[in-house]
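Single-structure report; data block below.
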Amino acid sequence: MSDLLYPPSAQPVVAEAMRLLKSVREAPPLTHCITNAVVTGFTANVLLAVGAAPAMVDIVGESELFAGVANGLLINLGTPTPEQRAAGLEAAAGAAASATPWVLDPVAIGALPVRTAHAQRLVEQRPTAIRGNASEILALAGMSAGGRGVDATDSPDAAADAARMLATRYGSVVAVSGPIDLITDGERVFRIANGDELLTRVTGGGCALGAVMAAFLGAARSIHLSPLTAVTAATVYYTIAAERAAARATGPGSFAVAFLDELAATTPADLDSAARIEDETTARVEMDVS
Amino acid sequence: MSDLLYPPSAQPVVAEAMRLLKSVREAPPLTHCITNAVVTGFTANVLLAVGAAPAMVDIVGESELFAGVANGLLINLGTPTPEQRAAGLEAAAGAAASATPWVLDPVAIGALPVRTAHAQRLVEQRPTAIRGNASEILALAGMSAGGRGVDATDSPDAAADAARMLATRYGSVVAVSGPIDLITDGERVFRIANGDELLTRVTGGGCALGAVMAAFLGAARSIHLSPLTAVTAATVYYTIAAERAAARATGPGSFAVAFLDELAATTPADLDSAARIEDETTARVEMDVS
Amino acid sequence: MSDLLYPPSAQPVVAEAMRLLKSVREAPPLTHCITNAVVTGFTANVLLAVGAAPAMVDIVGESELFAGVANGLLINLGTPTPEQRAAGLEAAAGAAASATPWVLDPVAIGALPVRTAHAQRLVEQRPTAIRGNASEILALAGMSAGGRGVDATDSPDAAADAARMLATRYGSVVAVSGPIDLITDGERVFRIANGDELLTRVTGGGCALGAVMAAFLGAARSIHLSPLTAVTAATVYYTIAAERAAARATGPGSFAVAFLDELAATTPADLDSAARIEDETTARVEMDVS
């Protein structure tokens, strides 16, 4: 155990992450994505590399139906055309009717009015998970005017209170991305230190993680694991693959290529040996005791 | 001859494929694509690697005109927004008026109502070729409720009757993709065993083949080869490039990169040495004789 | 000095290009792109590799506001849906109100009526820079019916008069891409011989340069360099990175990957040692003198 990078308290969630990755590979979750035009190809390639089955169904008249048959759904607001906004509302309704788990990624809200209003409508539909950088999470919680685009201008810890509040109010798992990712269901808080700065130099590095969360949520539902576990597992797996890719890369171009290779190559056992995760709740308790 | 992977009966079509690839490189066919947002960049890169000239013109008011001046046209229904649906109907009319050969790729029809209805309208315009996986071809023929997205849930042979029926009814060449590709004009049937499973791990692996078929159809028209030859040649060439790329790849990311390199590098002579194609009609006749 | 590839007269602009690249890296310009669906992912990746901050905001209701806060703006007409056309007009107004420098890329105008009319409306808003191939620049100047798509069918020198005329009429810097790029503000003319043919085998090779110009224009404004310098610097830097990538590539797929790596790796000092640029104005004067 001494060579593990995570404390004993995080052992259960790592074990569940390993089971979940195995499950995704054995029974590829059909993952419905309504995502932005910039990253839609990369997102589909990430899902295929993971072992999931992507379906980018984002038009009116098909999205509600499809969200009902999919295993997981992502609604990402990166380029929210009127057609995509209407399709997103359809899909959220379809997901609700069939209890399909879904992820809301409120890209660049705060400064930009159309998507901010749209994100507000969607979050009221109680997404299973919400994923964003600190600026976006703060903006969604009404605690900030938002960042200046898709880059984070606040640190994940700065959004910890906002994340807990959103999680409690909407019954969602909230994931705040950054150098150390923070994930909470309003009670427990996981911090994940895996990843590499190169992931921020590839467009869709964050957006595609939302899709992987949707895939893992779909698989988790089948094997009775919690949304908190699914979102945490997706993040640990994804950021470990990023680390492995960075070790082989000579820049952002070769990193993106290696990342897809590593998403496909990373095994459950790799999670065990590389996860750097901390369960804040337990850590705090242990600190109180000692 | 003994080191060839195809029987003597397939020799004429391989020779024509070699001529056609040479022609594409010498006189790049202007290839008009109305395709889905997920794969549009990859598709353009595939066409550029092949040696064709891509043009992704998919708005109302330009598509009819452009289909008239292009050498070949692809209409792919992967993300059929209202604008793209209207542009697709325009383009089909423009192609008909100028006898521009065109390919219909009815992505994910069957389960999804908007695109299924749209595919029905388009197929009535008698596309030069129809390309899909077995589920899509069965759905277009009215013989199945469709798959669960873009992945094939039926084998190409399961769609052989549907393919022949569609070919006869609409005067189209029908190509069913799968581990063994099946191509028919309603009378002759070619089976192609080239390719690699990694092609299914890259988004657009199938969709971009539709664009290559449109390019080859354009070139074939200029040098008086049949649509059946053009679609078969495009498939043989494309899947041989995939095999060569797979031999160098360490996962889906590096495969996609190597695939573009190999599409550019594969020569007519490479087709001769690597084609694994069978002419079922002849094979059957030879079997009767022997 | 004898090992430099540019004449003494181009020394000032190369020195400014070096300063500008340094500035882009130190204070990443927020670069607002309204660009076509084919290249939007590649363009964002290029900007990230350069060191800029991309934001692909292309919907109505957000574009005017965002063009006001961005450091630079690109409006590219590659796939001009009605939504993008309206958003483009909004953005041009927002840029004008805040003096945000912006680039117009009139992709494939001339032959295609909707975008030709739209380009005409936009150019009247006096873009800071106009970027296109020779066919597009000729068409925008009303001197040609345009090319047959995004490929240049005319040489940059054939568009030199059109470029000077557009520059004078609209107060824009005009950049004509080709084997030798030509850049003019109506008085001075730079010719740049860097680059590689492989850049034309990757979709977005030209379009993404427009985005880099927008980023450099944003940075140039902050450090009080001229738009002519910004556009020239962007072109020199971009085409040098292309040369370096081509030296490592085995085809168009590996070239695109290496290009992103080299955009990130190329330093100001590399510009000094690799720039092949000529100041025609000075060259002509020197010729008169000698």
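First chain written, first letter: the chains are A, B and C, and each begins at residue 1.
The criterion applied here is as follows: contacts are C-beta pairs under 8 Å (C-beta built on N, C-alpha and C of every residue); 3 or more make two chains touch, one makes a residue touch a chain.
Keep in mind that this is a model prediction, so the values were computed, not measured.
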Given over half shared residue numbers means same and under half means different, the subunit B/subunit C interface is different
How many degrees of rotation carry the C-alpha atoms of subunit A onto those of subunit B, rounded to the nearest 5? 120
Could you work out how far the Cα centre of subunit B sits from that of subunit C, in whole Å? 35
Mind pulling the subunit A residues that touch 2 or more other chains? 37, 40-41, 256-257
Residues of subunit A that touch subunit C when the two form their complex: 36-42, 78-82, 108, 111-115, 148-151, 200-204, 250-254, 256-257
Touching residues on subunit C, where the partner in the complex is subunit A: 30, 37, 40-41, 44-45, 48-49, 53-62, 65-66, 69, 83, 256-265
